[in-house]
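Same chain, two partners: chain A is paired with chain B first, then with chain C.
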Partner chain A sequence: MSTSACSQTSLELSLPSELGYELVARDAVAAFARRLGISAERIEDLKTVLCEVCINAMEHGNSLDPGLRVEIFCQVENERLVVEVLDQGMSRYTAGATPLSIGDKVAGRGSLRGMGMLLISQLCDEAGFVPWSGPGNRFRFAFHRQPGPNLHG
Partner chain B sequence: MSGETPPREPVERVIELRLPSKLGYERVAMDTASSLARRMGFQPDRVESLKTAVSEAVTNAIEHGNEHDAAMKVVVLLTARADELIVDVSDQGRKPFDQSRAIRRPIIEEVLEQDDKGGWGIWLIRELMDEVEFSTALSGGNQIRMVIHLEQ
Partner chain C sequence: MMLEDELTVSTRERDGVAIIDLSGDVTTFAEEKINNAYREVTSKGARNVLLNFRQNDYINSAGIAILIGIVTEVTRNDQKLAVSGLSQHFQKIFRMVGLAQYAEIYQDEQEALAAFKARS
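Up next, the complex of A and B:
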């Protein structure tokens, strides 16, 4: 874990690019979010988004090379939980143009896959790739704090 | 060619976790370790033992090693092998671990008479894990290595 811009209340996680390990990351980040006082409902959204982003990093960024790593940085910024997921991949990937609707996909007018980015954008408060000079892709998403306990706990 | 093949290095997968030194965040390490252990096929009672041991080790690192300094990190390395899970917990502390605590077995009667009822953590970890070892981390802080074997 080389890059870090951590507040004191931060979590860093590094895992192999192997499908299945996104579930370990999911449980780690969910436990972190619970400590921050994020509601159970929002944590379910967070878990879904994190899994989608990690799978993208493993599959598209790192081409499922188990020798490469996926790194996750979580911290509190301006009362939001901000999560960044980095891969070490050789290939840049971005969301496609306008994704097909679920109706079009079910009707066979395109691949049934490729709904991950749409799902991510629907579930979290902000999401997108962060331009940076390092290798691989850097995807950032955030969940705003719900009314309730102070996030800095 | 002799036909002999060199011994193969065990295939292992490593997860690294860096936590703030604040009480309560040991739960993140517990949930991460238990998630990995379930995925590896450990039985539920062994997973519970692992969670307790990880909680004790991380709490010790927060309280004694890093002395609650939130700027310091507790590093947890989870190494999954085919037949075991290795958990390394290290702190960045300036306060070296008292090695005599690593071998001391608490005597219930004596502890009950003391004001401080703590000091059971190391003993508990030894009871719950298959292997336990104390050393100095690369950071210069304290490190505990706990190994739990996967019974097929």
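Up next, the complex of A and C:
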């Protein structure tokens, strides 16, 4: 993993596509968010969201090829912590259809997996893919620095 | 280099409840350990099962999928399931994904055992 701090309010990380490295990124980004004054409760949400986005980038974007990197860019924009996660995958992946309910999963009507995007959409203030012409996928999410109307929990 | 799997799973029985203690990260790497522990207590005839988390600071969506699998088995085997020891954050996550519909959430083991006793 490599890191660099471009300014007082930005952070960049680069990870191999191996499960487990999302935890290294999680701890670094959580420490960054703490310095920005984001509350402890929201940092827990941020940690979960970041890990899920990184796992998607590793698994779906980079097909768990450890030679492919996942890049993370964190910066402050208009009182929000904005995080972008880029993979180098050659194929696009999308959020897909509405995830199955847990009732459907327990009834055997689909995969037990697939809760990651639900967690991402529920826990952060903004989330979605960013259209761009570069290789791979670019996912962006944001947390307000102050509690806003979309505060959960 | 693979980062280490840091989950420890063990089982014990207390007051007629099969307790599965989970200490560490609940991720895709936890599947075999958790499923083996559940099969072990079920093979011994457990009717009441408690998943006792110990300040786990990482449960991801793959870990949640494993727990949904346990819920599926518990439903099929007509057992009762509860969870204890989750942080406030993961209690929220369990409610968000719907796991709380299938497993009562308690602050700690004592509270869970008292609830099982009251229901029996």
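What we mean here is this: the second predicted complex is superposed on the first by the 138 of 153 C-alpha atoms of A that agree within 3 Å, B and C clash if a C-alpha of one lies under 4 Å from a C-alpha of the other, contacts with A are read in each partner's own complex, and residues count from 1 in each chain.
The working rule: a contact is a pair of C-beta atoms (placed from the backbone, for glycine too) under 8 Å apart; a residue touches a chain by one contact, two chains touch by 3 or more.
Since we're looking at a predicted model, the values are computed, not measured.
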Room on chain A for both chain B and chain C (clash or fit): fit
Partner chain(s) touched by A:G89 [first = chain B, second = chain C, both, neither]: neither
Chain C, chain A and chain B - angle at the middle CA centre, rounded to the nearest 10 degrees: 100
First (chain B), second (chain C), both or neither touched by A:D45: second
Contacts of A:L23 with chain B and chain C, given as first, second, both or neither: both
Chain A residues touched by each partner, larger count belonging to chain B or chain C: C
Contacts of A:L15 with chain B and chain C, given as first, second, both or neither: first
Partner chain(s) touched by A:R35 [first = chain B, second = chain C, both, neither]: first
Shortest CA-CA distance in Å separating chain B from chain C in the superposed model: 5
Set intersection of chain A contacts, chain C complex versus chain B complex: 18, 20-21, 23-24, 26, 153
Footprint of chain A on chain C - complex, ascending: 1-4, 25, 27-29, 58, 60-62, 64-66, 68-69, 71-72, 75, 87-89, 92-93, 96-99, 101-102
Chain A - residues contacting chain C, complex: 18-21, 23-24, 26, 41, 44-45, 48, 51-52, 55, 101-103, 105-106, 108, 111-116, 118-119, 122-123, 152-153
Touching residues (chain side chain B, partner chain A) in the complex: 13-20, 22, 24-25, 27-28, 30-32, 34-36, 39, 70-71
Sites on chain A touched by chain B in the complex: 1, 8-16, 18, 20-21, 23-24, 26-28, 30-32, 34-35, 66, 153
